[in-house]
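Chain naming follows the written order as A, B, C and D, and within any one chain the residues start at number 1.
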Amino acid sequence: MSHFSQYKDTIQPGDLALAWVSRDNVKPFRIVPGESFNTRYGSFEHNAMIGKPYGSQIAVRTKGSNKFGFIHVLQATPELWTISLPHRTQIVYTPDSSYIIQRLQCTSRSRVIEAGTGSGSFSHAFSRTAGHLFSFEFHEVRYQQAKKEFEDHGLIADGNVTITHRDVCQDGFTIKPTDTTSYYEGSSAHPHVAVTLDADAVFLDLPAPWDAIPHLDEVIMKNAKVILCCFSPCIEQVDKTLEILEKHGWTDVETVEIQGRQYEARRQMVRKLDDALNRLRDVRERKQVGVERRKRMFTKLLNEEDTASEVRPPTEKTQFNPFGKGSRVKEGDTKFQWKEVTKVEAEIKSHTSYLTFASKIGKISRNEEEVLRELQKVRDGKSNN
Amino acid sequence: MSHFSQYKDTIQPGDLALAWVSRDNVKPFRIVPGESFNTRYGSFEHNAMIGKPYGSQIAVRTKGSNKFGFIHVLQATPELWTISLPHRTQIVYTPDSSYIIQRLQCTSRSRVIEAGTGSGSFSHAFSRTAGHLFSFEFHEVRYQQAKKEFEDHGLIADGNVTITHRDVCQDGFTIKPTDTTSYYEGSSAHPHVAVTLDADAVFLDLPAPWDAIPHLDEVIMKNAKVILCCFSPCIEQVDKTLEILEKHGWTDVETVEIQGRQYEARRQMVRKLDDALNRLRDVRERKQVGVERRKRMFTKLLNEEDTASEVRPPTEKTQFNPFGKGSRVKEGDTKFQWKEVTKVEAEIKSHTSYLTFASKIGKISRNEEEVLRELQKVRDGKSNN
Amino acid sequence: MATHKRINIGEHVVLRLPSNNFKVCELRADTEISLGKFGAFRVNDIIGYPLGTTFQICYDKSFEEVEQKETKNKAKTPAGNVRILSDRLSVSDSDANGDSETDLSKAPEVATYLSSETNKNLINVGNKIQKLTMEEIEELKKQSVSGEEIIAKMIEAHGSFHHKTVHSQEKYLKRKKQKFAKFFTVESPTSSALLQYLIDKNDVARALDLSQESLGIILSLANVRRNGTYLCVDETGGLLVYAMLERMFGGNALPDQDGKIILVHENEHPNIDLLKFSNYSEEFIKDHVKTISLLDFFEPPGVEEVQSAFTPLSHDALKEMKSNRKGAYYRRLRWYENQLEIIDLATKLSYDGLVVGSTLYLPDLVLQLSTKVHGSRPIVCYSQFKETLLELSHVLYGDLRFLAPTILETRCRPYQTIRGKLHPLMTMRGGGGYIMWCQRVIPVQENDMAALERPKTTESLEDNEVKKQKVE
Amino acid sequence: MATHKRINIGEHVVLRLPSNNFKVCELRADTEISLGKFGAFRVNDIIGYPLGTTFQICYDKSFEEVEQKETKNKAKTPAGNVRILSDRLSVSDSDANGDSETDLSKAPEVATYLSSETNKNLINVGNKIQKLTMEEIEELKKQSVSGEEIIAKMIEAHGSFHHKTVHSQEKYLKRKKQKFAKFFTVESPTSSALLQYLIDKNDVARALDLSQESLGIILSLANVRRNGTYLCVDETGGLLVYAMLERMFGGNALPDQDGKIILVHENEHPNIDLLKFSNYSEEFIKDHVKTISLLDFFEPPGVEEVQSAFTPLSHDALKEMKSNRKGAYYRRLRWYENQLEIIDLATKLSYDGLVVGSTLYLPDLVLQLSTKVHGSRPIVCYSQFKETLLELSHVLYGDLRFLAPTILETRCRPYQTIRGKLHPLMTMRGGGGYIMWCQRVIPVQENDMAALERPKTTESLEDNEVKKQKVE
């Protein structure tokens, strides 16, 4: 059962769900009757979730307090899954992945190669759309982890995702029966035949894509446009990639960067000049007494009278406070006027990787007879009308 | 007389002024009694400007019409001057130049090297702040143009700008009496002595800065921190620059890009859902007649009566138009409600150049005796208190 | 070859011209397509080749003479023969049928002209330096078999070509070559190609200034996939719907798909003009794109009202009807079924996502439409301006039915990919819009809260407190 | 060496620590400065060297023992000897007085450890892989002469160091080296350094989230130079004023400068705290930074009122005054002169520019202050938020006294400059604010317009029409 490809109405035992605790704290968990999801705000019983629609907010009374803790229980999507991953993992983030999918013209017809699998988050996005995804991972432990995850998430059972343990730079992309791969599992494919990848979209997230590119010719679709994307953090990698792409007949080469920014909606207090002036006026008035005193003092000074007797009266602090200074004002407090503003994240992802796109049509040709037949059919159709 | 370094109150004969026709059309011109500044909106007589304060809007009746044409007469600043330059010229734009000046810690104490001069627009910005600017240009015609411009603008007379014709990559930065340079003109410097540049800030806008960098050691300040900035459009240039910087003992190397964006303040009409619904309701009501007819027709159909007699009445087009559709609404028209929005320029400058900064202190030392003397002076001062 | 990868008769394609301008065409058999100054070709000649192929238009000498004569008499450009190019930048001047392509993208000519190591001695005097007048160039264009020759002549006539650096010589040649070469690339009318076509026509304002990167992220964030039922408001002339269909069903239709888009429109009729360029059948679109006006959506007709206006006849009754009346009956039946569908769309469905690209005041619109969105389903709203999404975000943030509204911006920054001269392009299009993304959620119910209260505690729970705890 | 390039007694400097944290210090003679875990040094040892010098703190063995004992008794770190480093990244472990520095930025150690060509076999298990506990590392830090040794030990103890690629080994070493090395760089307290100090302290909100690039462009757009008189509102704790002074007069004072900043403040007293870190004399600041409250600026006291409260005495009258009264007289005289100066600042001057960095509602503030700005002089307004500048721009755009209000954003994007691994830094600080820039202009007068009317025409000129022609 796929947790990603089926829209679900209600939370059911066995489901993979996401608990949204806060924006920075989204956790995947499995719904098991009798178990609990624990947070520092409290412990949320799965039984209280089961049967409720996805998206439900779940409340719990925080231990030893009269406050409530809340989570939302969400159904996973590739994008929410990406958010739920720990930030130290190398992830292709949504601004990049969504652009790559769009540029690779990924649709339900696409046969996509992905190397390497990495955290697997991009694989989820590919599997949502692609006809078939062939994912390759050279790191054995990561391969096992990803394979298990794909199984748990129902991607393998959905039948459109294959993951293979392979160093594609050295060994290419052809999947053979002797390989460590999910391909032959639960598939009707004959285990003695090498797989025809026939890919028309390729995504390479490898430190040395130039070693993998020469192997692509064997596995990409013939006589059809194939689009490639290389994902490389350093510009020197781009340079080497450009060299090999040209050498291997890839055209329409373009390198881009995607810059994603996230903004928070905030409010800033509207502090009118008149209010500031009124506040200063209030201060001045309180000091006015002081001016009178000043005049008297000067007169006394000139008359050589004693000024020591005039004790400086304490000037009261202004009580007129239009901006709530001193007290802590909550943003949006309706006692004040507010201006809506946007604020960019405190730390922005200024760079992820360079994306280098290219396309190739191996051996362009057409079947002349077939074309003639088709043309004739159209002509016949017309004359029939 | 400098047109850049003196704040001027009123427009006077002989002044270099800027005519602001529109944001994309800012033109420098010289105030000459009896002459005119011509635009397609009309001809503006200099006599009508003379004596008016700078910043004055000048009106003229557009020929053969009852409308007026306007310009503003401004005093030039380096930034306005940059705007006035034709866009096809290679210019260091203000987001870059202002950042470079800040990072080079340019103040009235700074001795700045600039190579090459180019359009000279950055020289104006440097000359505003620096103690002395030594600008180098290898292209002879451009050197002559820039020199004349600096003279016309009063920069040479101000005494803090020197321009020299020189290929610094080949011949280095030392200015000798035999050079083609403005240095000895109007300067009290002895024409038989090589100039001590003693620069503590260096800006290199050259295709091959790596050829110039080795020559810097001869002309930069000794025993003091010198800051360098290389301005290069291509990343390969940065790479080669990094190599040579390391080789020649420059430290604190950092490459940055400056991304400047310019926004226009605009308004978008607030189109409320209720208004859209009301408009559709109006359409529906007009069609209501049609529904009644529909019912009658159906009855007739069932009763096998003749329906041909029922002519479809023309449905009037809705006259209720809350958003002024069809008619051309001027942005901000007070008959409608508006939301303030920002719009980025249609074409943004996505890249100018990479800026590579580095610093160097040649031969670090101190005068031990001097330090001891100073320390003693402080101690004496303290014990005196 | 899979048909969706092939140039097919009767389908729409996007033609990319040497100028990198775009053109949308329908490939009708036995016709010719003219690309103006870039020549003309016969549709039959390109059918059956893979989409993405670049064709060069070649005129042999006899054609050339015909062209010269014909252009004097009428505007129509005669069709040349097409040849396949391996690369848009490799323009060959060899014979039409030879396949000895010389890749000129390396511009070997450059080496044969003297070049300056730097452009030290080159002064920009604009067009004066090019001694061929525009008229002379136009004349050459009429005479020449290929653009190559024109360029060779232009270089000869260029007063200071040898003063340019090799780099600027290359740039110059490439620019000129693109200007006079006669070739075109046949691309599939993908949503991206269509958007590029609008941008190229300076008509992207019609698509709310959308960028490819914004379009891509909308589709991902909205979790668009083949089996969903999506609610959509689309003021981009149908581009959003077009892209959603592409993501759901691929470029042309596969049978037995169950995904649907319900397009809610502001005016009497929806504007999905761009769908006319798609290669779906009309029927497929009718089945998968349901349109409904805002008013019908929010105030659907009553079932009784509809039924009072029409009652479907029984099979027998229908049989007895005179055949000249049946047409009228079926028209009425269609109206009836359409009304019932409207009622269905407006009242029964719970949607798998809401995608909005609209200039209507968003807080009202999104709040209202969201009532019909299922829990844990995304709401994605595109706007040309961040400020309108800011206003929307504040409204959504204050409503417990929406989780974590976020404003996103995504910009693509393209590079010049000439090796040794890598850098971001100096200028790029501004704009491209902003995206608001949030999840539709279901706030906890008062009585659920009450159930959690410990028996000893008596204080009532205020709405406020729920609000306060809302996760950010 | 010019004094402004030198480390001087009594001046403020910014210290850059190995962690790239910043510290502001006053260099008092005969004192010591402690950098916590990075050691301590004697001020006298660094006086006289050029600003920008990096010093390494070295402890010889005997010191080391003292340190170990002392740390048990009191918190104070004993001062080590300083040595000059040619580079912040070249940390030597040779003897304190030797000058045979080995540049370790190349990390030759890496070659001596087995490294993996890729990190194929490395699994991230977080801190578990580092077998030294924090306590052990702390213990090592107490024992070791140099950070080098700690790092060597850490590598030994690092379970999978040889599984890392050379690149990540280098990164690891560099990070660890910076963590345990004992060196510091002495920088001039420039406006940029001070801003960096605030950012580092996570205190830049106090400076309205200003970035270096925004600060730089404000100064350029405002045309700040030595001979101007500028009106300023500064809610950045004085950073704007600090930077303007720097641009006008250099880092420390030159005599006989005539530029001035008139700082208008919202509260009773201005907040220019950061000026305390500058190396100007108090007197210099008093001469060149005039402060005046918003109320005094807009509603200055009347001359009569001031004169009614005080009349300066003639020279003779003053002579006759008892000396114990003279103090009081001069205090009153100062108040009197101050009041007259306020009147002057508020009524007589026409300013060469307006620089605003304020959270007050900008339309009111800028419109009011601009009345005192001379024609053809810039108005530059900084805000943390674009939306407040948008509102301001619309107001200015509707007022003929302002030419071409423009909202600007400028962002610096730093790169990793390791050759072979060039790329923009993966993360950077958001924020940095926005700038509104326009020119103060003088609209044409009605009567000037009237003078232009042709005698034959009678139609009156409407204000509207002037407005319409306003250049964009």
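Keep this in mind: contacts are C-beta pairs under 8 Å (C-beta built on N, C-alpha and C of every residue); 3 or more make two chains touch, one makes a residue touch a chain.
All values derive from a computational prediction rather than experimental measurement.
Q: Average the CA atoms of each chain to get its centre, and name the chain whose centre is farthest from that of subunit C.
A: It is D whose centre lies farthest from that of subunit C.
Q: Would you mind telling me which chain pair, B-C or C-D, is linked by more contacting C-beta pairs?
A: B-C
Q: Return the distance between the CA-based centres of subunit A and subunit D, expressed in whole Å.
A: 35
Q: Using mean C-alpha positions as chain centres, tell me how far subunit C is from subunit D in Å, no decimals.
A: About 47 Å, centre to centre.
Q: At least two partner chains per residue is the criterion; list those residues in subunit A.
A: Residues 235-236, 239, 261, 340-342, 354 of subunit A each touch two or more of the other chains.
Q: Indicate the residues of subunit D shared as contacts by at least two other chains.
A: 386-387, 390-391, 413, 422, 424 - these are the residues of subunit D that touch more than one other chain.
Q: So in the complex, the part of subunit B that touches subunit D is made up of which residues?
A: Touch residues, subunit B against subunit D: 5-7, 9, 20-23, 52-61, 66-75, 77-80, 94-95, 97-99, 101-103, 105, 107-110, 125, 128-129, 200, 221-225, 235, 238-239, 242-243, 249, 251-265, 267, 340-342, 354, 356, 359, 361, 364-368, 370-371, 374-375, 378-379.
Q: In the complex of these two chains, what residues of subunit C are touching subunit A?
A: So the residues of subunit C touching subunit A come out as 1-2, 4-6, 9-10, 29-30, 44, 47-53, 84, 86-89, 188, 190-192, 212-213, 215-217, 219-221, 223, 225-228, 246-251, 254, 352, 374-378, 386, 390-391, 393-394, 397, 400, 403-415, 417, 419, 422, 424, 439-444, 448-449, 452-454, 457, 459, 461, 465-466, 469-472.
Q: Along subunit A, where are the residues that touch subunit D in the complex?
A: 88, 138-139, 141, 207, 233-236, 261, 268-274, 276-277, 280-281, 283-284, 291, 294-295, 297-298, 301, 304, 307, 339-352, 354
Q: What residues of subunit D sit close enough to touch subunit A in their complex?
A: Touching subunit A: residues 118, 120-121, 123-124, 266-268, 293-295, 298-299, 308-310, 322, 325, 328-329, 332, 335, 359-361, 364-365, 368, 384-388, 391, 413, 420-431 of subunit D.
Q: With touch defined as at the start, can you tell me which subunit C residues reach subunit D in the complex?
A: Its residues touching subunit D are 387, 390.
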